[in-house]
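In the two complexes that follow, chain A is the common piece, with chain B as its partner first and chain C second.
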Partner chain A sequence: MLLALVAAHLVLACALPAVAARSTRAAFGLAAVLPAVTLVWAAAMAPAVLGGAAVEENLAWAPALHLTFDVRLDALALVMIVLVSGVGAVILAYSAFYFGRRSPDASRTSALLLFFAGAMLGLVVADDLLTLYVFWELTSIASFLLVGQSGLHRANRRAAVQALLVTVFGGLSMLLGFVLVGESAGTYRISAIVASPPTGGAVTAGIVLILLGVLTKSAQAPFHPWLPAAMAAPTPVSGYLHAASMVKAGVFLVARLSPAFASSAEWWLPLVVLGLATMLIGGWRALGATDLKRLLAFGTVSQLGFLMVLFAVGGRLAAVAGAALLLAHGLFKATLFLVVGTVDKVTGTREIGALSGLGRAMPGLAAASALAAASMAGIPPLLGFVAKEAAFEAFLLEGGLRGGVVEVGLVAGSVLTVAYSARFLWGAFATKPGVDPVTPAPASPGLTVPLWITSLAGLVLGLVAPVAAVLAEAYGDTLPARTAEEAGYHLALWHGFNLALGLSAVALAGGLLLHTGRDRVAALTRRLHHRVSAQRGYELVVSGLERLAVLVTGRLQVGSLPVYLATVLLMVIALPGIGLVLGWAWPGDVPVVHEWIQIPLGIVVVAAALAMVRARRRFTAVLLVGAVGYGIGGLFIVDGAPDLALAQFLVETLALVAFVFVLRRLPAHFTERRRPRRAIQVRKGVLAAVAGITVGVFGIVLSGARTAPATASEEFVRLAPETGATNIISAILVDFRALDTVGEITVLLVAASGTASLVLATRHDRRRRGKVRASGSGTPAHEKEVSG
Partner chain B sequence: MSAEDTRVPWPRWDSPTEDWMLPGDCPVTSERTLLLELAARILFPAVLVFSLYLLLVGHYGPGGGFSGGLVAGLAFVLRHIAGGSSEGAEIGARIRVRPPVVVGVGLCVAVVTALVPAAFGAPVLSSTKVSVHVPLLGEFEIVSSLALDVGVYLLIVGVVLDLLRSLGSGIERDALDAESEAAS
Partner chain C sequence: MTTVSLAMAVVVAALYAVGFYLLLQRSLMRVLLGVVVLGHGANLLLQLTGGPPARPPILGGSAEGSAPLADPLPQALALTAVVITFAMTTYLLALGYRSWVLVGHDEVQDDLEDRRIARRRTPTASMGEEADEQGDEVGVDPGSAAASGDPVGDRS
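On to the complex of A and B.
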């Protein structure tokens, strides 16, 4: 059932464009059904799964390579399914009203969103490292296409490429890490690796590589800039991929593997340090953002850092808090993104400076946002508060240097979180002095009902904390608790007056204080920005790579035919030539001539070759090349190879014709003005002579190097009648070695299209109904646009 | 227009309906060689038939898809040189197929031939013999790998036609453009 659900997502995604051609709303509505079904199914399985009986399925993919699709539904997967499928269904339903009925993007977006939902579902239930990797990259590709949209706008293209480069770079190194860990463990099954974690130097290297994938996917510092840039995507896409689900993939993988590796410092140390740094950087940058969506994006970066810290340390309570925060964040961040989408839709702007008085005009929207923002800020009685309390409590109980440092970091991060939550509400809904109040267009219920669902879910799960607690603690219990107090902690709305509550109050007060000085803070973030910027780092790396590529290409591709030819010939002399000298075996009985006709033919070939060296005109040289070719064809006939000779004559004729075609555009003589220098001529001559002699000696030595009888040939002769061919050459070409033939004709196809595109590159014909309407040899307009 | 009007009047039913010379009306009279045109007109169909012969005889003697395709390609080369076609190498005056399409069709035929046995549970690229009895002519043996040869044949013809399009008329057009630019 689980595998079937994943497959159904991918299959239905392929069918959606056909539906979207009739009605885009129906396409999004249909797309929303499948995630909803998945959520209901997962909820039905939940009692059994939480009772300890995980649902497992597997499908042999390439049994010979031990590759299988292993999937497993456990507590952590359930939490993620709530985000992937639950939030996914809500956002898809919202998209039906966000995208216009005639929107050209709707068809593609609906299909890609559902495809992404399927890939993400596969990712969270994968129980095999390689299966996980496949789905991981599929989500990256879906994200690339969704951010890029139609590719018409430069901002979309740049953001899409940045997201792809960063996440795929991480993904590839993660694959290496998976291989190292999987080979050390002897299995790629995640549940088996977690049950008995491998150790050793290779595993340490593997962990570091996996972390690279985790950090890039979850937009941790210093890889975070791709996430704010990806906000170029439509808002529902950002809300789904870049807040609720895809960016959680890194966090999810940490949560998956923490039970195995959390005891080693190379696992938790980078994650905790970078996670805290990310939480602070993201929160700080959110305070300077003037675009509501960008503000939320930096908020997501910050929260991802928070989650990373919680899952990395591998304690029971931290993990419980992490799982609860995972849920809470998905719910409140999806709500807030949908709010931004609706605000954008009804007012036409997302700029804080342009929005004023919207709270008065749309009190319902403001209330839903306030609930979500309060959850984000950690205000009771919302789920975000419950999670944050548990997080504070976890590190208070842990104590020690790590606990203390993390606690301080988390409180500081929470102060920033409260501040940007307040900034969001103020920016979107407050009445600002000096700004004209906006007059929003009426919002359809489709743009407000979905966000109420996620907003209220955060409130209900907070009020009825035990429901979320069952889910979060089922995951947390897979990790060891250090103390009895930690083991006995349960998520609840009220734990009495304790230090954790005090820290929440400090965060709230500090955040609101920061918000009152918002103008000064915003100015300060902008002032600090340009000195330290990870975005500039990314740009430097990419432009550096480009410059290196130009440098290398410039050195290798000098544009001189003699240089290319010399390189090829030198390699022939150097590599196979050495083998020739080492394995020297001159055959004893090589007859020089065995048919008298070979003598005149040989003389023709040699004479033509020598004459070619003296040729001044290109046309003469081409004719002499033809003479050499025909002479060799004649030798083939003499030696009894009519097939070979026929092909040789035909190819030679065609080559001659092609040469003559090309010669029309080349100078008649090889050197127009003066003779080349003597030294260069000598060097070229020596190289050509040595290369030619090497090849000739090769032919003779190799003909004598065959020691065993040609068994393969005998087999061919014996089997040829069975293939219905009395011509053995043909039997080899179309039967015994048919795969080679298919490969060779593919090469021909590539060569032909390459030649055609080189010659016709600068020419463009605009055809209509088989006739050329417009033609020219300059640069067409679209290429000018592409090259900038 | 009614069908009556389009009917050819009976005294003229055997008058030529198309230009006998291949290039039709060639505007550049100075570059024509009548002898070559005539030779091309006579040889072209014969060479094409010969290429088909080579294709079919490949299993029993020198020939095969590669040689047959090259021979057919050379027939088009002859026509191109004689006709000096300005629009590239069309296959025949009536059917206009773009050369890349021919190349692609050839590769598709070859790949499909390779994959079809897999549908019957046989290994990819395996072949089978079919005996057909044709009245008057006797037993025929057809080998399924002939289809692969047909793919090769089409692809080679396409490659040669593409060569004529790019190196032949493409370069010709460039040269004309350069001349007209130099003149203006």
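On to the complex of A and C.
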């Protein structure tokens, strides 16, 4: 059923564009049904799952490679399904009213959103590292397409590319980490890895690589800037992907693997440090945002850091708080994004400076927002408060250096959270002096009912904390509790007057105090931002890579044939040459010469070859190459190869004829338009000489390695009479290796037709135009371009 | 059993060196001659590695049984190589001729585009976007509600 649901998402997504062509509203409405069904199914399975019987399914898709789609529905997956499918259904329903009939992107957006919902569902239920990776990257691709929209706006293109580059960079390193961990564990089943975590150096490296994937996907510092940039997407998309679900994938993976790795410092230390830093940076930047959507985006970054810390430390209570906050954040952040969408829709702006008096005009919307913002700020009786209390309590109970540092960080982050929650409400709804009150257009119920659902869910789950507690604690109980007090803690709205409540009060008071000085704070955040920013870091890295690419291409691909050939020769000398010197094995029995007649023949060949270097006239050079060829024919005869010599003489003669045919049309001398510099020629000569000597030495050394005549040849000699031939060479060519000869004939045919077509083309040109066609290269303009 | 004698190694080395040197030249004709000389060197080396001078591998001759037979397999391979070298020579010759007819000289030229990249220090485009591209945005910003196709608040 689970696999079928995932597949149904992906299949229906393919059909949606056809529906959207008739009615975009119907397309989004249809898309919302499937996540809703998933949520209901998951709720039906919940009692059994929470009772300890996780639903497992698997489908072997490449059994020979041990690749299976393993899925498993457990407590953590249930929490995520509430976000992915529950919030997903709400946002898809909202989209039906947000996107109008004239929207050009609605059809692809509806399909992509549902596709994303399916991929995300697959991700959260995956019980196999590789399955998880596949869905992980599918969500990145869906995000790229949704942020990029139709690509008509530069902001969209840039944001989409940035999101893709950052998350896929992390995803690829995560894949490496998965392979390291999976191979060390001997299995890729997540449940099996968690049950008996592997250890060792490879696992440590794997953990660090996995963390890169986690940190990029969940927009942790210093990778966070892609998330605010992704706000270029339509608001419902941002609310779904970049607040409620996709960016939680990294947090989710930490929650998944914490039971296995939380005891090792390489797991929790980077996550806690970066998580706290992210919480503070995100909260601080949110205080300077003037666009409501960007404010929420930085708020999301901040909350993701919070979640990261809670899941990374691997304690029971921290995990319970994390699971509760995961739920709470999904609900309030989805609400707030939908509020921004509606505000933008009815007023035409999201700028804090342009909105005034909206609270009086739309009290209902303001109330829903206030509930969500209060949950975000951690005010009772909302779910956000319940979660934050548990988080404070967890680190108070832990104590020690880590508990103390984290507690201070969380309180500071919460102060910022309260401040930007207040800033959101003030910015969207307050009546500001000196700003004309906006007069909003009437909003259809479709634009307000969905956000009330998520907003009220946060309130109800806070009031009836035990419901959320069952879910959160079912996950938290998979982690060890340090003390009996921690083991006995249950999520509840009221724990009496204790230190955690005091910290909540401190956060609230501090946040409101910060909000009163909002103008100065906002100015300060902008001033600090100009000094250092992670976004600039990203741009520097990308432009650095591009410069490096140009540099490397410019050095490696210089476009000069002599340079390429010289490089090849250098490698021939360097690599095998070094091997030759290192494993020096000069055979002891090198004869000076086998037959005396080889000496005069050799002198002729060498002399003719060397003379070619000096030849200025083309015809001289061709005659010399002929002399070399005939000389080698002579050497073949001495060697006892009359057939070879015959072929050599024939070929040499034919080649000479061909050369003469061409030479009569070319100038008599080699024409070099730029006389090559002497130093360069000397260098070429030295290189060629060294390479030639290397080949000669190789010939001797390698032939010295031979210990006996080849036995294959004896077989040819023995069998040759059976072919009816007395000449063994001809027996080999036409009988034993006849297929080679067919290949050789084919080469000849191809070369002949190529030659013929080149010659005929020239004749054709001459007949047609009477003169030679001048091509672009070779003109003075071209020359100037090359030499600058 | 070393089959390559010192004298023959010198001949092979000289042929390869001259072949390499000619290959490094810019005149297409010289490059072509370099290929031919390299081919000669390679064929000779192939034959030499087969064994020291011996009786031709032909059966039923008068000298049968008196001396060892030369290894026939390298000879057959070298013969194939000789013919293929010839095919390549004629093709390159036709190519060089055609190039001379079209361009007016037979010189190996540098690739313009590569040279241009080598001379450039910075990329002209980043992330597929031209650096100096301005504006040219089509439609409304999709991030805003105005692009949602049915803006409720569109009162203009």
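We adopt the following convention: the second predicted complex is superposed on the first by the 559 of 788 C-alpha atoms of A that agree within 3 Å, B and C clash if a C-alpha of one lies under 4 Å from a C-alpha of the other, contacts with A are read in each partner's own complex, and residues count from 1 in each chain.
The definition used in the following text is that a contact is a pair of C-beta atoms (placed from the backbone, for glycine too) under 8 Å apart; a residue touches a chain by one contact, two chains touch by 3 or more.
Source: prediction; values computed, not measured.
When the two complexes are overlaid on their common chain A, residue A:Ala738 makes contact with chain B while staying clear of chain C. Taking chain A as the reference, the larger set of touched residues comes from C, when chain B and chain C are compared. After overlaying the two complexes on the shared chain, residue contacts for A:Pro587 are found with chain C alone; chain B is out of touch.
Using the contact criterion defined above for the overlaid structures, shared-chain residue A:Ile728 touches chain C, although it does not reach chain B.
Of the two partner chains placed by the overlay, only chain C lies in contact with A:Ala621; chain B stays clear of it. When both complexes are overlaid on chain A, the residue A:His495 reaches neither chain B nor chain C.
Within the superposed three-chain model, A:Asp643 lies in touch with chain B and with chain C [touch as defined at top].
Once chain A of one complex is fitted onto chain A of the other, the partner contacts of A:Thr746 are limited to chain B, with no touch recorded for chain C.
In the superposed model, A:Thr755 lies in contact with both chain B and chain C.
Contacts of A:Arg664 after superposition on the shared chain: chain B is touched, whereas chain C is not. Touching of chain A by both chain B and chain C, each in its own complex, is seen for residues 642-643, 647, 651, 654, 658, 662, 665, 726-727, 729, 733, 741, 748, 751-752, 755, 758-759, 772, 777. The residues of chain C lying in touch with chain A in their complex are 1-27, 29-31, 33, 36-37, 40-41, 43-45, 47-60, 68-73, 75-76, 78-80, 82-91, 93-98, 100-123, 126-129, 133, 137-139, 141-155.
Only residues 58-67, 70-71, 73-74, 77, 81, 87, 96, 99-100, 103-104, 106-107, 110-111, 114, 124-125, 127, 129, 141, 143, 145-146, 148-149, 151-152, 155-156, 158-160, 162-163, 165-168, 170-175, 177 of chain B touch chain A when the two sit together in their complex. For chain A in complex with chain B, the residues that touch the partner chain are 642-643, 645-647, 650-651, 653-654, 657-658, 661-662, 664-665, 723-727, 729-731, 733-735, 738-739, 741-742, 745-746, 748-749, 751-753, 755-756, 758-760, 763, 770, 772, 777.
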